[in-house]
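Two complexes are shown next, each including subunit A; its partner changes from subunit B in the first to subunit C in the second.
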Partner chain A sequence: MRRFSWFNATSLTLGFAFLYLPMVILVIYSFNASKLVTVWAGFSTKWYGELLQNEDFLDAAWVTIRVAFFSSVLATVLGTMAATVLVRAGRFMGRGLFSGMIYAPLVMPEVITGLSLLLLFIGIGLDRGVFTIVLAHTTFAMCYVSVVVSSRLVSFDKSLEEAALDLGCTPFQAFRLVTLPIIAPAVISGWLLAFTLSLDDLVIASFTTGPSATTLPIKIFSAVRLGVSPEINALSTIMISVVTVGVITASILSKRSAVAQQRDEQAATQATG
Partner chain B sequence: MNQKVFAPWDDPNQKPLIQFQNVTKKFGTFTAIDDLSLDIYEREFFALLGPSGCGKTTMMRMLAGFETPTSGTIRLSGQDLGQTAPNKRAVNMMFQSYALFPHLSVWENIAFGLKRESTDKDAIAARVEEMLRLTRLGKFAKRKPHQISGGQRQRVALARSLAKSPKLLLLDEPLGALDKKLREETQFELMDIQEKTGTTFVIVTHDQEEAMTVASRVAVMDEGRLVQVATPADIYEAPNSVYVADFIGDVNIIEGNATPNGDRVRIDWAEGQPEIWGTAQKPVASGERISFAIRPEKVTISKEKPEDRRNLLEGEVIDIAYLGNISTFHVKVGNGQIIKAQSANTRRLANRDITWEDRVWLTFTETAGVLLEG
Partner chain C sequence: MRRFTLIAVPYLWLLALFLVPFLIVLKISLSDYALSIPPYAPTLDFSAGWQGIKDLMSKLDFENYVFLTEDALYWKAYLSSLKIALISTVLTLLVGYPIAYGMARAAPEWRPTLLMLVILPFWTSFLIRVYAWMGILASEGVLYQFLSFLGIVDEPLKILSTNTAVYIGIVYTYLPFMILPIYAALEKMDDSLIEAAEDLGCSRMSAFWLITIPLSKSGIIAGCFLVFIPTIGEFVIPSLLGGSDTLMIGKVLWEEFFSNRDWPVASAVAIILLLILVIPIVLFQRNQQLQREAEG
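What follows is the complex of A and B.
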């Protein structure tokens, strides 16, 4: 039953408007020729040009990208390791507790994560800056990676690893040569997810940053307090596109590629088909 | 013509390749393998046969090194395998699911094990080519596992596990996923390859026909124990228990009281029914309760009463199972027991005279059946 009804159409429009209208307005005003944010004075890309001249913003962008890159790589390594152990280890005492503890940061309020990390860094006397933000982002992003990777590992045929061991691999070789190439799409999408999460995080970054490192979200947030400028609109538009591309790529990769891999794997492990 | 029969298990001078010595394997409180001892010899094609849950797969996984015995030792060429890791054993396994690596081509799958122990590219390539020839996969070398058929995948799995020339090849239900026709062809192919390579094969299967066809010896297992280890012919013709007789092929079991008489045994099995005469394989006590097992194909069915026969039962045809090449008649004898008799359909259907509700005579010779305890 896929009939058009006014009720459905209205709910859909309202729903999407609710979600995307603010962003659409922001994107539109980023092409505004006027310096006044609320007055439309014709189409222009000049704010994008000015943005590229703004050293502060460029520095912040560079810090953000570095943080996102390093934290996502670290989170991917740690998250994949955690997922492998939890899925592979079978049943042991406290297994539920362990997996629960890995996923808990997902629902932990960011303010608390940020605050506890801040206390830790002060406690051990670590100078706050890019390094501490990387650590903080790794902490919360690895949970996401671990969720993505372990959902792939659950459907992974364990006899493939046994076959690798049987043919002379050490357990590490078996993981590197057989398991990892097969679960690669999930690992990559986990990495992309971690990358985009790090890009747009404000709360945890502002807790754990120092004077030397300002990420884009922090920069935007502090700039807005002095009034919204069209430059901020332009910058936000760029961030929206980067994050959108990242998330879409991640979901396409994890969906399509994992499905294809799984099909191959099933085909390879079943005789008929 | 002085051809030597392959029977190293009868030769006391032969050293077994694999020795299970009082092996027990427990999973928690469940005993999968119960104090089991077994010798397997070089070049044997050995079948572990039993229903699911009998411990045959556990035996195989202990040989491969994926499980370690709770107690007892397993030796390979005299050496205790103990805690040796799977990748350090001269044992390879062909998995039930084939476990082909989906991201690698057929060629790379076969080369996988070779690359782990050698860096000599030419030697690896030569060995892979040899394996491709042996399993007739040359044309598919560049394909990925999902681009070939089930039968071809089965051969890739075989080639991959044989590539390292293991002392022992384990096959876990290797033909389970193939359809009947392909399975029968592949059984002969397996035997052929086993003979060509001279490798010792241990096959795990629940399919008794498969075990009988391929194996030099069959071990029938039940609940973690070996019930009987013998050649297929011995298992079929001289089962040592009702369990084995019943598990392998079709059988009629008639219970009764024994009375020895020379090398023959008289069995009184039902009031008012003529006694059955069998041949004792070992001494039977007078009055002992025994089971007489006879295969349906050893029971002759006829409409006319044969003369001068000792084992002669009269009954009525209840059911006929027509299988094309043979027919099985279910005959109800005097006391209500059903006895199955088989006859080969050498004539066309229209010419056969026995049908439902016919009165018929069943006969068999005194040596046709076996006497079993209990």
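What follows is the complex of A and C.
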């Protein structure tokens, strides 16, 4: 028997108020007619209008989306390969170093990752811009993807793959037809994670970019360093809404597919039983 | 052959973009500052072959590390980062534990929704979540408006640009990392243990301290490490919410590199930061492993 006490109710209410009020306030003030945070001058959507006319922000948004798309796709491919190596490849030379290099970027401070990659790009004389940010984001995001995917690979039954091989599949076919559909949810959440990590990143992008490419977080950071601005509130509101809708949709879809899978599995057991 | 490709592609990628850059940082931290492009000396001369590498090695020294120990700014920044990380970890635990506890006690049909409400902010931009506090904590910001409306304060607040604002920012942004592992530990707990303790004469309070807290120890430890480790190198929070006297090593490294353009010192700062981080990371790994073994 679980007792849900007044203390529990209060701590949940206060806790979630603490988590959500700052964002609610940010959204409310994006509709403030005044430029100052201290004065509420009535409802207005003018900051959204100004934001949409600000070409700098639109350019930065486009750069950010391109970087996030390319780096998340590359990171998903490399991260899934790395996860397969970690879980399935068995022993090989330098395995310790390999798993070390997968886990180290997860705990590496961003300032160090950024600094070291910048020094590499300068060392080999690579022009900095969208391409170098993509390389940098792919490198740290692939480690997150491989952690997410390998946790799924560990839990799944290897004999299914072996059965496919016994029935004449090539290893690649077995991977594509058996393994990949099973680990697909993990691959998709890995990709989503890589995409948001890239959208979000300020520090690594600041180090690895050049004058030609400014991402949205870099733009936001340089604007808010000087103080609160209603245009940034409007931009934040748009970003918060997109994420909220995206996460809720994704969770509803994954819940549905989980229910469907459960139904299929039950049907299969009944048919065989 | 396929197996070789599968291993080689991610392996080479990580070697080239993780290990090699790290070795470059290590090398530059042992070089000298120079007014040239790139702004350090000596540089590696590949055309001289093996002799070039030997020449390079003979010119490297620990001068920058000696400099770091002599200049009070740096070791103060390391100590202050550790202090801020430690205090904010404790604060996050104090705020996060009651929330995780409430979630674990909530009716089972509510738990997935509560869990999603904790995870949702994690998907929202970190930068925006920190920025949200700038408008709240500003001297005449939202919090001041609210408190002066209630008649509690009559002078503008002095919270933004202080360490207090940094603590608030860290607790706010890292709270999900504390709540999730504690919730995971509490959810697995068997309630009949508490009932047994109460039947045997324990008060609710002592049952909580003697049973619930020890059983959630693994979650508490994991949560604390997940907050403590990334906080040490934090850059965004101290630079947006902190003041000029907020010393954190991530900020120092950034300024050393972008403002002073002293790459060798910035690299040495990075290497020492990593050495400091190795201790909590190794402890964390060991704890996780013991945990896995205990669960079998």
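The definition used in the following text is that the second predicted complex is superposed on the first by the 223 of 273 C-alpha atoms of A that agree within 3 Å, B and C clash if a C-alpha of one lies under 4 Å from a C-alpha of the other, contacts with A are read in each partner's own complex, and residues count from 1 in each chain.
Going forward, contacts are C-beta pairs under 8 Å (C-beta built on N, C-alpha and C of every residue); 3 or more make two chains touch, one makes a residue touch a chain.
Note that this is a predicted model, so its numbers are computed, not measured.
Applying the stated contact rule after C-alpha superposition, one finds that A:L165 touches subunit B and leaves subunit C untouched. Taking subunit A as the reference, the larger set of touched residues comes from C, when subunit B and subunit C are compared.
In the superposition on chain A, A:W6 makes contact with neither subunit B nor subunit C. Legend: residue contacts after superposition of the two complexes on their common chain; A:G15 is shown touching subunit C, with no touch to subunit B.
In the superposed model, A:F43 makes contact with neither subunit B nor subunit C. Once the two complexes are laid over each other on the shared chain, residue contacts for A:D157 go to subunit B alone; subunit C is not touched. The contact surfaces that subunit B and subunit C form on subunit A in the two complexes do not overlap at any residue.
Of all the residues in subunit B, the ones that touch subunit A in their complex are 64-66, 85-87, 91-93, 95-103, 112-113, 116-117, 144-146, 150-151, 153-154, 160-161, 164, 177-179. Contacts from subunit A toward subunit C in the complex involve residues 1-5, 7-9, 11-12, 15-16, 18-20, 22-23, 25-26, 29, 37-38, 78-79, 81-82, 84-85, 89, 92, 94, 97-98, 101-102, 104-105, 107-112, 115-117, 119-120, 122-123, 135-136, 138-139, 142, 146, 171-172, 196, 199-200, 202-203, 207, 217, 220-221, 224-225, 227-228, 232-233, 236, 239-240, 243-244, 246-247, 251.
Considering their complex, residues 2-3, 6-7, 9-11, 13-15, 17-22, 24-25, 28, 38, 95, 98-99, 101-103, 105-107, 114, 116-121, 123-129, 131-136, 138, 140-142, 144-145, 172, 175, 191, 195, 229-230, 232-236, 239-240, 250, 253-254, 257, 263, 266-267, 270, 273-274, 277, 281 of subunit C touch subunit A. Listed in rising order, the residues of subunit A touching subunit B in the complex are 157, 159-160, 162-170, 173, 177-178, 181-182, 261, 263-265, 267-273.
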